[in-house]
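Below are two complexes that have chain A in common, paired first with chain B and then with chain C.
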Partner chain A sequence: MNVLNVSDLSIDFPTARGVVHALADLSFSVARGRRLGIIGESGSGKTTTALAVMRMLASPGFVSGGSIRLGDLDILTLPEDRMRRARLRRVSYIPQGAMNSLNPVMRVEDQLKDAIVAHEGRTDREALRTRLADAFAGVGLPAHAGSLYPHELSGGMKQRVCIALGVILNPELIIADEPTSALDVVTQRQVMQTLKDVQKRIGAALILIGHDMGLMAQSVDELVVLKDGVLVEHGDMRRVIENPSHPYTRELVASVPLVGGESFLGNSVAAPEITRSREDLALLEFENVNKAYGGITALHPMSFSLSGEEPRVISIVGQSGSGKSTMGSIMLGFNAPSTGRVLFEGQDIARMSQHQSREFRKNVQAVFQDPYACFNPFYRVDHALGFPFRRFGYATSDAQVQESMHLACQSVGLDPALILRRYPHELSGGQRQRLIVARALMLNPKLLVADEPVSMVDASLRATILKNIYDLKDSHGISIFYITHDLATAYHVSDYVMVLYKGQVVEVGPPKEVIGDPRHPYTQLLIASIPWPDPDREWGGTTTAAEDIAALDAMDHDAPTVFRGDVPGFRLDVGE
Partner chain B sequence: MTGVPGSRAGELKGWQMRRLESPWMNPKLFWGAGLLLAIVALGIIGRLFWNLDLAFTGAAPLKLPPVGFENLRGQEGAWVHPIGTDGSGRDMLALIVIGAPNSLFVGLLASLIGMSLGIFLGFSAGFIGGRTDDIIRVLSDVMITIPPLLILVVVQSAWGDVSLTMMALLIAGFVWQSPTRLIRAQVLSMKQSGYVQMARLSGASTMHIMFREMLPNLVPYLFGSFIANVTTSIVTAVGLEVLGLGPQRIPTLGRTIYEAINAGALIQNLWWWWGIPTLLLGLMFIGLLLINLGLDEVSNPRLRKLQ
Partner chain C sequence: MGRIPRSYLLNRVVTLLLTVWIAATLIWIIPRLSPVDPADIMLGRMAAGAGAVENADQILAQLKENFGLNDPLVIQYLKYIRNVVTLDFGLSTATFPTRVSTLIARALPWTVGLMLLSVVITFFIGNALGAIMAWDRSPKLVRVAIPVAMVFTSIPPILSGLLLMWLFAAKLRWFPLTSAYGLTVEPGWTWGFVQSVIHHGFLPALSIVIVTFGFWALGMRGLMITVQGEDYVMLAKAKGLRPRYILYRYMIRNAILPQITAFALKIGLLVAGQVLVERIFAYNGMGKLLYDAILDQDFPVIQGVSFVIILMTAVSVFLVDLVYPFVDPRIRHDGGET
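After this line comes the complex of A and B, so read on.
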C-alpha cells in the first residue's frame, strides 16, 4: 500500500530570464514504513518536490503537470482548508534549519500544543500533558525541555523538537529536508537515529532529502537521484550505491572522501618540492595564545610555530564550537588573543607599522567558508581579484593585471572568458569559491588560512576545489592551515592534524596516525560518527549515539593531549 | 501553487520578461518621478511664461474663481487669472508657480542635510564603535522621541520671520536620526560580511572599506531613506506654514493655505484658494510615496512582481 504516489510531476518557475523547469516528469512512490532518500545537489529540485507535496511551493513556482496522491487525497486539487487539515496530520515536514523554524518567543511545548489543538480542537489538559511528555520522551529529550525556549536548546535538541512536532499527530508520511545539514557528525548521528526510531514506531513512510551519499547509505531503503530537476536514477539503496548505472550517480558516490580510501587528489605528480628561501624566523608563531569571551574560554593556551621553510598543510579539525574558527581569525589578525602573542616572521601582528602590516596582509591570505558572501555584490568579480593585486604592488599595467587574472582562472580550472567581467550573483557557489582560490594564487602568499573552504559547496565540486587548494602547496610552496569539520578530507590533504575539542587540543600528529588510528576517545567518536557510503558498514559501532554523547560529556576535560608524532617544520606546545 | 496545469508561463510575453530585467525600470518609480518632475516643470515653465508680479497684492479683482466657475458674487472666472485670485487679489497661478517649488525645495534641502549628517554619524557609530557609538546612539534615540513640530513651533515663534533656507536647516536638525540608525545597523552587519573581510585581507584602508565597499551597497537604502525624509520635511514645513510660522514674505503652499483659512475661505466657498495648494501637496506626496515604493522594490527583489 503506497502512502504517496507522485506521477509525472513537473514544476515551473517563471523568472525574468525565462521559465525554469525546476522539476520535469518526476514519478516515484513510497510505501508504508519505507524510507526513501532524494539526493541531489543544490538546484536539483529536491526541496521543491517536498514543498509541492506539502503544497507549499513558493510563488512564482507552480505545478505545470502531473499528480500527487497522498493515500486517497489528490493533493493538487484539494481545497485549501482540507489541505490545511491534512498538513501535519497526514504529511509532516521537518525543515532544514531547525534554528529558524521554531518560534523564538514561545516555549517549545506550547508550539507542540498549538499543533494538537489546531487539528483536534481543545482536548483534556491532563491528556495533553501526557501526550507532550510522551512526545519529548519519544525523541530522547528530558521532560523539562518542553518548558524551555528555543534559544535555550542546542542545535541538535532543536532539531529533535522539530521531529517531535513532525510526528506528534502520527502522520502517514514524514518529509525531512536535510534535517542534519547544520549539525556536526556526532549530533547528526543522534538526530538521525531518533528520526529512524520514531518513524519505525509510528510506522510512517519517510522521505529524507539530502546531498550526502554517506548519510543516505546509513538511513534509507530506496534512493532517488535528481539532477537539474530530472530523475537520473531510482532504485534500491544498496543497488544504487554499489552498482550505480548513471554516470552522475557514480560521480556522487565517488565524490565522498573516505578515511583510508584512495586519495581523491589523484596521483599528484611528485613535483619538485618548492622550498622557500631559508629564513631564521618562523613564518607564523603562536606564543601562549588563548582566547576567552567573557567567562567562556574559546581557546585554551597553546603555542606553535610553523617554520614555512617547506610548505605544510596543517589541518585543524573539530566540531562547531571547538574553537577552530577562532584560531583562524586570530591567525588572520581579525581577532586579538586575550593573552599571548601572534608573531609573523618574528613581528607581533598587533604591533605592526603600516609597512609591516601590509607585508603581513600580502603574505597571509584566506579562503572563507561562504563563497556567496565573499564577493561585493556591487562590483564585477574582477574587483576581488584585481584590487588586492594592485594594492600589494604586483601590478605594472592593466594588461598585466588582466593577464594574471586569466592565468589564475585557468589554473583553478575556470574559463576566464566565461567568468571574468561577470557579477558575483551570476556565478555558482563552486565557481566563486574557485575564484577565491584563484585570488590567493595571484597574490602568492606564504600562508593561506582555509576556513571550511568546501562546506558550502556541492559535493561533486569539493574534491576539485580541495585539489586546487592543495596545488597551492605543491606548485607554489604555500603553507596552508586547513580548518574543517570533515575528517576524511583532512586525512587526505594534510601533513599534520590537530583535533580541537572545546578549545583544547586533544590529539595531534600526522593524519595516518590521528585519523587512521585514533587514540583519544573524542577523536575515536568523531571518526565513528562519520556516515560511510557503504550499507554494510555499521554507523557508529555498537554504542548508540546518545550513550556516546553522554560519555563525551563525562570525559575528563583535563586529559593531556595525545601526541602522535611530529612533522618537520611545525612544533606545538599546549598549556602554560 | 494550485494544480492548474495551464501554462501561465506561456502567457508571459517576451516584452514583459524584458521589462523586468533592469529593476530601475519600475513603473512606480517612473510615475512618482514623473509627478515630481511635473511640479518642478510647473515652476520653471511658469517663470518663463507667466507674470510673477501677480503674486503680490495687486490690482486684480478679489476672490475671482477659476475659468468656468462663478463665485458667490456672481463673477465669472477670466483667462487673465485662469485659476482665480485670492482674498487680496493675488493671482493663484503665480502663487503656485512660486510656492510649489519652494515647498519642494525646503523638503529636499532639509533632507539632504539630514542625510549627510546621518551618513556621517551612522558610519562613525557603526565603524568606530565603543564610546562614539554609545553617544551617537543615545542622542539619536532621544531625538526620535521628540516631536519636531513642537520644538519648531517654539523656535520659530521666538525667531519671527525666517528664510526658506533657515527653515530647511531647522528641519534638518530633526530628520537625521532615522538615517543614522539605519546606516549604523547596516554598517554593523556589513562589517562582519565576507567581502569586507576580504577587503581587509586585501589591505584596504578604512576609507576604502567605508566608501568603496560598503556605501555602494547602501545606495538603495539611502535613496529610500532620503525620499522618506523629504516627505517628513515637507510635512513639517507645511505644518509650520499653515500655523503661520513659516517665511512671511515668500509665497509657499502652506502659507497660502494659512491665509485661506485665516480669511474664512472655507465658509465663503472659495475652494480654489485652499483646494489647489492642497491638491498640489497631495500630488507631491503621492509622487514621493510612489518613488519610495519603487525604490523598495529595487532594493528588495522579493517584492518585485512578475506581471
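After this line comes the complex of A and C, so read on.
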C-alpha cells in the first residue's frame, strides 16, 4: 500500500524573465516502510518536491498540474486547517539547515511540546514528560538535552532534535531534506543510523533528499534522479548505481571522488621551468606555532617548513573544530599565533614593513569556502578582478589589465566575454568560486591557501574547480595548502596530508599511505565513516556510530603523531 | 541565565558611572566655551525690568562671586562635580534665586508621566502594527491601511499637535486646550485631580503616539521580514503549529529583540525628545523647562536638564544590559555570545 502517490506534478515559478518550470510531470510513489532517495544538484527541484508535499511552497511558486495523494488525503485540495493538522501527524519534514531550524529563544523540549499540543490539545503533563523523555532517548540524546537552548547544542545534536520532532507523532511519511549536509562524516553516520532506526521502528516511509551518491547507496531502497526539474531515472537503488541507464546518472556516479579510485584530475599540463629567487629561504615556515583561545588549545605546538623549491600541495584534513581553519588563518596572518613565529621567505609575518607586507599579501593568496560572501555585490566582475591587480602595481595599461583578466578566466575554464561585465549575483556559486581562483592567479602568487574551496559547490563542479586549483601547481608553480574535511579529494590532489584532531596532528605522510592505509585510529575512523557509493560495502564496519564516537572520546590525546613517508620540500615537527 | 554574576554587575556599574562622569564633564566644559556671560545676561534682564541699574559693576562682581566664577577652573570643576553628586545644579538665572533642582523636581514627574506612558504605548502599538504589516496572513486591507496611517510619521510633531488641538479641543471641545491640569482642581491625590490630569494629558500623548509609532512599525516590519525567512519559522509551519502561535512565539518573540535595545535609548531621550509638544500644549514638563531655559540662556537649568537626560539614558541602557540575557538566552551575563 503506497503512502504517497505523486503523479504528473508540475511546479512553476513566475519570474520577471518568464516562467521557470521548477518541476515538470514528476511521478513517483513510496510504500510503507520503504526508503526513497531523491538525488540531484542544486536547482534540480528536489527541495521543491518536498515542500510541495508539505504544501509549503514559497511564493511565487505554485503547482501548475498533477496531484499529490498522501494516503486518503488529496494534498492539493485540502482545506488549510486540515492541511495544518496533517503536517507532522501524517507527514513530517526534517529540514536541511538544522543549525537554524530551532527557535533560538525557546528550550528544545518546549519546541517538541508545542508541536504535540498543536495536534492533540492540552494533554496530561506527566504523560507529556514521559513522551519527551522517550523521544530524546530514541534519538540517543541525553535526558537533560531538553532543557537546553538550541545554541547550547552541537550541530549533530540539533539534527537529532529535529529527527525526534519528526517522528514524535508517528507519521506515515518522513521527508528528510539533506539532514546531514552540515555534519562531519562521523556524526553524519550516527545521525543517519538514528534516522533509519527510528523510521524502521515506527514503520514509516522515508524520503531522503540529497546530493551525495555515497550517502544514498548506504541509506535508501529506491532512487529518483532529478535534473533541472525532470526525472531522468527512477529505480531500485542498487540497479541505478551499478547500472545507470541515463547518461546524467552515469556522470553523477562517476563524479564521486573515491579513495583509491581513479583520479579525476586527468593529465596535467607540462610543468614549466620555475625559477625561484632566494632558494635558500623556505617559502613558508611555522616555528613552534600554537594557538589558544582562553583556556582552550585550538592548535598544539607545531613547526613545519615548506621549501617552495618545487611546488607542493599539502592537505590539512579534519572534522570541524579540529583546528584546520585556525591553521589556515594563521598562515594568512589573519590570526596571530599565541606563541611561535610564522616566517614567509625568512621574514616574520608579524613584523613586516609596509612594503614587505604588501609583497606578502600579493604572494600569498586565499580561496575561502563561501563563494557568495567573497564578492562585493556592488561591483562588476571585471572591477573585482582588476582592482587587486592594479593595486599591487601589475597594471601597465588598461589593455594589459584586460588581457590578464581574459587569460585568468580562460585558465579556470570561464568565457571572459560572458563573465566580465556581469555582477556577482548573476553568477552561480561554481562560477564565483572559479573567479576567486582566477583573481588569485592574476597576482602570480607563490602560495595559495584554499580553505574548503568546494564544500559549497555542487558535486559535479567540485572536480572541475579542484582541477583548476590543482593545475596552478604545475602550470604556474604555485604551492597550495588545501584545507578540507573531504578525504577523498585530499587523497587525489595532495602530495602530503596532515590529519588534525582537536588541534593535534595525528597522522602525516603521502596520501596513498595516510588515507589509503591509515594507521592512527582516528584516521581509520574517518575513512571508515565515509559513505561509499557501493551498496555492497558496509558503512563504518562492525561498530555502531555511537560506539565509534565513544571510542573517539576515550582516545588517548597524547598519543604520538604517526609519521608515514616523507615528501621532499616539506618537513614537519610536532610537540615541544 | 540564572542569577547575575557579581563581576558582570560591577563591570556594568563602572561603565554607568564612567558614562555619567564624562557626560557631566562635557556639560561643564561646553558652556564655558560660549562667549555669552550669564552674569551679563542677568544684569541685562534687571536693566530691562528696572529701566536702569545702579552699581552695575558691583552687582556683576557680586554675581560672579555668588556663582563662583572667580575661582580657578579646577576649583570650579571640583565644586561642580561635588554638586552633581548631590544633584545640586545651583540657582536658576532666569527665575533667580530658585534652585535648579527644585525646578527639575517640579517638572520631572509631569514629563515622566506623560512621556513614559506615551512612549510605552507607542512601542506596543508600533511593534504590533509592524508585525501585522509583515505577516503574510494579515488581511490585505490592514496591510494597506497601516502604511497610509504612517503618513503622520512624516508630519512634524508641532503640526500634528496643533491639528489635534484645533480638532479635539477648539472645535469638538472634547479635551482642554492647554496645561497639565485644570485651574479649578487642587493638586493632590484626589480622583478629581487624577481625572483632570488624564484629561489634559490625552492630546499631547496622542500627538506623540501618532507621530512616533511609525519608527517602531517600520523597524519591526523589517525585522519581521528577516525572521519570516528563518529556518525555524519554516519548521514551525512544518510542525503544523497554529499560524497565530507561530506569529507570537516564533516570529515576534525573535524580531522584537533589537527593538528592546532601541527602546532603552529612546527612554533616555524622551525627556528632551518632545520639547515642542510640551511647549504648544503649555505642559509644565522637562521639555518646556528646557525650552524656556534655552530662550533665557539660563545655563544652570540647561546643565541640570541635560544631566538628567544623560542619567536617564545611562540608567536605562544599564537596565537593558541586566535584563537582556533573560530575554535572549544566547546573550550571557559576561557580555559575550555563546
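Worth a mention:
We take it that the second predicted complex is superposed on the first by the 565 of 576 C-alpha atoms of A that agree within 3 Å, B and C clash if a C-alpha of one lies under 4 Å from a C-alpha of the other, contacts with A are read in each partner's own complex, and residues count from 1 in each chain.
The definition used in the following text is that a contact is a pair of C-beta atoms (placed from the backbone, for glycine too) under 8 Å apart; a residue touches a chain by one contact, two chains touch by 3 or more.
All of these numbers come straight from a predicted model, not from anything done at the bench.
Bringing the complexes onto one copy of chain A puts chain B in a clash with chain C.
Of the two partner chains placed around the shared chain by superposition, chain B is the only one that A:392 touches, whereas chain C remains out of contact. With both structures placed on the common chain, the touch criterion links A:69 to neither chain B nor chain C. In the superposed model, A:118 makes contact with chain C only, not with chain B. In the overlay built on the shared chain, the residue A:95 is in contact with chain C alone; chain B does not reach it. Comparing chain C and chain B on the residues of chain A they touch gives the larger count to B.
Of the two partner chains placed by the overlay, neither chain B nor chain C lies in contact with A:246.
With both structures placed on the common chain, the touch criterion links A:334 to chain B but leaves chain C unconnected. Residue contacts after overlaying the shared chain place A:152 against chain C, while chain B stays out of touching range. On chain A, the patch touched by chain B and the patch touched by chain C overlap at residues 59. Note for the complex: chain A touches chain B at residues 12, 14, 16-19, 55, 57, 59-65, 67, 75-77, 332, 334, 357-358, 361-362, 365-366, 368, 370, 372-379, 384, 387-388, 391-392, 436.
On the side of chain C, the complex with chain A involves touching residues 136, 230-232, 234-243, 245, 249-250, 253-254, 257, 327-330, 338. Of all residues in chain A, only 54, 56, 59, 84-89, 92-93, 95-97, 99-106, 114-115, 118-119, 149, 151-152, 162, 165 touch chain C in the complex they form. Listed in rising order, the residues of chain B touching chain A in the complex are 1-5, 7-9, 12, 17, 20-21, 193-195, 197-204, 213, 216-217, 306.
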